[in-house]
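In the two complexes below, chain A is the common chain; its partner is chain B in one and chain C in the other.
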Partner chain A sequence: MAAPAASVPASRRTLGRDRRQEALAGYGLVAVPMLLFLVFQIGSIFFAIYISLWKWGPLGPTGLNPFRGIRNYQTILSDPIFWKAITNILYYAVIWVPLTMAIGLFLAVIVNQKIRGQTFFRASFYFPAIASSAAITTLFIFIMGPEGLFNGVRQALGVNPIFSLFGFPSNYNWLGESRTAMNSIIILNAWTTSGTFMLFYLASLQSISHEVYEAAAIDGANAWQTFWRVTFPLLRPGHYFVATVAVIGALQLFDQAIFVGGSGGEPNNALTTPVLFLYRAAISDFNFGYAAAVGVILLVLIMAATLIQRRLFGQAPSW
Partner chain B sequence: MRSLRFGLPIVVLLVLSACAGNNGTGGQSGGSSFDPSSISGTVVFTGWQASKDEGVALQAALDGFKAKYPKIKVDYQPIATDYATAMAAKFSAHQPPDLFYVDSFVSHDWIEQGLLAPLDDLASSRGFDTGQFYPGFLNAFKGSDGKIYGFPKDGNALGMAYNSDTLSAAGIQPPTTWDELVAAGQKLTTGGKHAFCLSSTLDRELAFIYQNGGSLFNDDLTKSAVDSDATKQAITWYLDLFKNGYGVRPKDLGDDWCGTSLGKGKVAMIFEGGWLDPFMKSTYPNVKYAWAPLPKGKQEANLGFTVSYSIGKDSKNKDAAWVLLTYLTGPDGMKIWTQGGVANPSRKDVSAPAGKEVLVKGAEIAHPWSFIPGFSKINDAFNNAMTAAIEAKSDDPTKIVNDTKTAIDQALNS
Partner chain C sequence: MTAPAPASAATPVSLAPQASGTAAVASQPVGDRGARTRRILAYVLLIGYALLMFVPFLWTVVTSFKTSPDAVRLTFIPDPITLEGWNAAFNGLSPGLIQLFFNSALIAAVVTVTNVLLGAMAGYAFARLRFPGRELLFILVLATLMIPDQMRLVPVYQVLVFLGLVNDNPTNYLGVVVVLAISASSIFLIRQYFLTIPRDLEEAAKIDGAGFFTTFWRVMLPLATPALAAVAILQFQGTWNGFFWPLIVLQTPDH
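Showing the complex of A and B:
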């Protein structure tokens, strides 16, 4: 063993030692955040899985027979409100994700043009994303109320006959009625989040090389064709990233739901989401084990969704 | 004139309660070795605060405590928002405050989790008489083991608040029965105006269910009793108020709660509790309104809302906390706390502040707004089904009762 090492030239040995030291320093530096990550992220996931098998409160296991095995999961899966929460969130994700991606991409393409006031438009499209969700949701509640701005504007524009065709009276409470509450939240969040998606897409757009556009121009492609045949397919890594972030965000919908509908998910559970359901179990009932089980189910759901998306978009770009 | 009329009974009561206080102390020195005036230390004391007036009233009560027990220091640490979340963290760390608020709505969850210390043995060995508390308030803190885990710091029952000008203009007296209420609703619902702002939630409607002889549970809270004709009838009657347009939900008027609707003059009557008064005083001081008892159904019944002072199982300084607890929920402390008008007494031996007589009388017939662990899901099930029925303009109670029963059965079996 010692012999081959001795035969290595002196210069390579020093390099090896340098590399080792460098690697050691690197691992040393990474170790600190990694340890925090393992303990507080991965560790808490495993702890959540553990307590999801118990009747568990602030002081730990509670009651005479605290071990529940899979019964927490059985109770959750037989709870109609949980299924309502899942249906709500799937509906939300199916509508909101493509809608917001489309708006985000549209805005990105617009502000990617060489137009006057480019910075101003970028900033103003992004602006709703930096406002706190509490503040913006509170404003939205006022806007969409029976005597709110939205109803006032459609009154002033004289378009109420069209709305009444669909059964919306002039003082309709958009967030207070179960058939429109979730759709209103979708519109609110599409508006506030599209700015963020615009930024993501903008980064992807700018990474597309000029040469492909020049080639398309030489081939006589018009703007419409260039977008659909060149830009859109080449944005595939961007689509994957934005779609993944969007779906994870959608499945975790909470802030707007609790501000509008309270912890009860009013009206009529239209705004109950899985995270809200979890929050209710943990904070209203102090039933941490049950809440942890909801969290585990949500984790599985989000992981499954992400893996599916990876299959759909995730191959390495082919250019 | 007014202050004199109410001032006299208060003076009489002051004297009476002073005597009661002396009796209590006498009992203690005879019965056991616990002498509150010998206790010293710091009590960490936590609650929430709904208004500035509340802070002033509480400070006055704490000043009274300081004068009587100078050896005990009170470290008041109110929690501004998200009380339950903050308390969950403190309980998990095994470092709860020594004395803290517990809302009757969650008391059974907290009791079942073993977070609170039972108080019965202390009360009997240390001579604190719990017989003066209205049962509708005290029983909110009785665990399934029959022990008491908190004493109500104050209490509220529901009453009917009505706009005096609107009623006298229409020439009607405040209704006293369900039939009179419906008649008044018919008369006052004109020209796009509604007679009542009604909350569609269980925390109001249950009072009417009790009035009709209905209930959610059997007496010892071990079985669902919601599936009864009396309950269904009451729900139908309540839904009809919406269906006929006599009553609307606050959100249909664009308001956050019925107090706002009364203040803005959109409705003539609402059903709320004493929390309305400080709100009206600060937000709509010029609106003239008065209280009347809840209109009577088949029987008189009311719903009691309360918050306790409780001691944690892991609290460090339990003896000093006990002294503060019994002062604040005793006649002296409660008198100071309630006389500012921010709260109503939970004890029969503390008289109602001026103008609150109707509400305090409701406490005598109040059922506690407090049931079993996991009740929040039952509450949600009821409220959501109510919302669906109101949106569908239906008065069919079937789904409401069925959903509630399912939730009750699930909570009882988990």
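Showing the complex of A and C:
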């Protein structure tokens, strides 16, 4: 693939020129995208690490003695709010990822059957996924408020005695109380994202050959056995892909948290996530060095999670 | 509603009906009556779940025509029907709703065009042209998929400040655009599609005396229309719904 040497036999000279032109065309076509990637993606990692070692404001290093070394990291790791954010996000990830994967897989298996109105069901299950996080969270705040649709429906259904058994009054504010705020966000995101996971699983389901199902049928397996013994294990690449995407997404929870709880992660930091913590340091406190350090920690966390999953579930998917 | 069905290159799923293996197993005769009851029960559950997906949206539309005291009531017909809410949304905001929609549409349209154009260029080069360092550059592109947006917040914001693309209308729009101008997934999707196009077509073009750019522009690009359309749809929807980068870069009252 290397460019040909300077002196080539006359017969091969045109070929060499061709090669050189091809390489030039290649560099020309990738130049602009690669420049943008280098500045805004690859370069930003190194720049973030550099900034994280300083006391840094919007206009560069600030203060008399701006170099802080690893002290930004020390401050973060001894901040109880940061640990609250980590606990919150781990709780969210541990519940939301399996829940949403299970719903997505269930929906995919259902709409993969020969059923009437298959297109309608696929479209309607995917429907919440196309709404923007801003629009759907606003809608959700409206539904879960003290006088919202959810409280109205349980009133109309007469199930309030059951709810009061658990200490929820009839005008309970689901997003405004710390013990239910994060759980409500989990339900919101399971609702909106299960359609996307359904699509991923559908792609994976359709790559399973019909022959294995025929073999299972000949062996007398019922639908339940076929699912657990044949479909589920054969979906392994699909599980790996969906789980990876889900965990990376979960650790970056931000939009819904800031819409519901503002930049303070209200109520009572129940909705403070690492990204919200980072946002607060950067935009509210203009403490860029500190925020960059949080970003580096987040990057390490996400890469660690991705590597652990790779170890646990093995090979990357083939598609 | 545009379900991203044309995105066949990335997710080989269409929303069209398709026979499947599990169906053959599931619909084995179990006895006519039992099967029918189960079937009806299954449809009731499916329709119920589909309604659960739709009702909140329907509820929002209905409520938008209600008066404030009526809005908390659990009725599906507004009484009285009013356009107050719509009036407030269109005339009560500053800047106006039309302006806000225009902002989103403008940014989404520009970002879609740059992604399709730059994605096609880089996708073609990575799929077809041979040049030293190609594999390394492509791995770098893919690696960017792992970098969380939020980690980039501070350095990218800082670079945009250096370039003078923050806080200064209208150049801050340019700031959002350069950050989102090209994504690795656009390049990847288009590259994968180019790989499936037979080489014969390029060779024919070459014999006819076309150079690399002519071949790319006149022969390959038209053939890649499905992939370009998929990228355009995904990018437009993603950018239109985007919140994070506009929030960061357009931190002025007039976003």
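Note that in this section the second predicted complex is superposed on the first by the 276 of 319 C-alpha atoms of A that agree within 3 Å, B and C clash if a C-alpha of one lies under 4 Å from a C-alpha of the other, contacts with A are read in each partner's own complex, and residues count from 1 in each chain.
As a convention for this text, contacts are C-beta pairs under 8 Å (C-beta built on N, C-alpha and C of every residue); 3 or more make two chains touch, one makes a residue touch a chain.
What you are looking at is a predicted structure, and each value in this text was computed from that prediction instead of being measured.
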item	value
Contacts of A:Leu59 with chain B and chain C, given as first, second, both or neither	both
First, second, both or neither for A:Ile283, with chain B first and chain C second	both
Contacts of A:Val245 with chain B and chain C, given as first, second, both or neither	neither
Which superposed partner A:Ile187 touches (first chain B, second chain C, both, neither)	neither
Partner contacting more residues of chain A (chain B vs chain C)	C
Chain B versus chain C as contact partner of A:Glu177, first or second or both or neither	first
First, second, both or neither for A:Glu147, with chain B first and chain C second	both
Which of chain B and chain C A:Phe254 touches, first, second, both or neither	second
Partner chain in contact with A:Leu90 - chain B first, chain C second, else both or neither	neither
Footprint overlap on chain A, comparing chain B with chain C	58-59, 147, 282-283
Contact set on chain B toward chain A in their complex	82, 84-85, 88, 91-92, 94, 106, 109-110, 112-115, 249, 251-254, 313-314, 373-374, 376-377, 379-381, 383-385, 387-388, 391, 406, 410, 414
Footprint of chain C on chain A - complex, ascending	1-3, 19, 21-27, 29-30, 32-34, 36-37, 39-45, 47-48, 51, 58-59, 107, 109-110, 112-116, 118-128, 130-134, 139-140, 142-143, 147, 149, 152-153, 155-156, 191, 195, 199-200, 202-203, 205-210, 212-214, 216-217, 221-223, 226-227, 231, 248, 251-252, 254-255, 275, 278-279, 282-283, 288, 291-292, 295-296, 298-299, 302-303, 306, 319
In the complex, chain A residues that touch chain B	57-59, 62-63, 75, 79-81, 145-148, 171, 173, 176-179, 263-269, 280, 282-287
Chain C - residues contacting chain A, complex	1-3, 11-13, 15-28, 42-43, 46, 49-50, 53-54, 56-57, 59-60, 63, 72-74, 118-119, 121-122, 124-126, 129-132, 134, 137, 140-141, 143-144, 146-159, 161, 178-179, 181-182, 184, 187, 211-213, 216, 237, 240-244, 248, 251
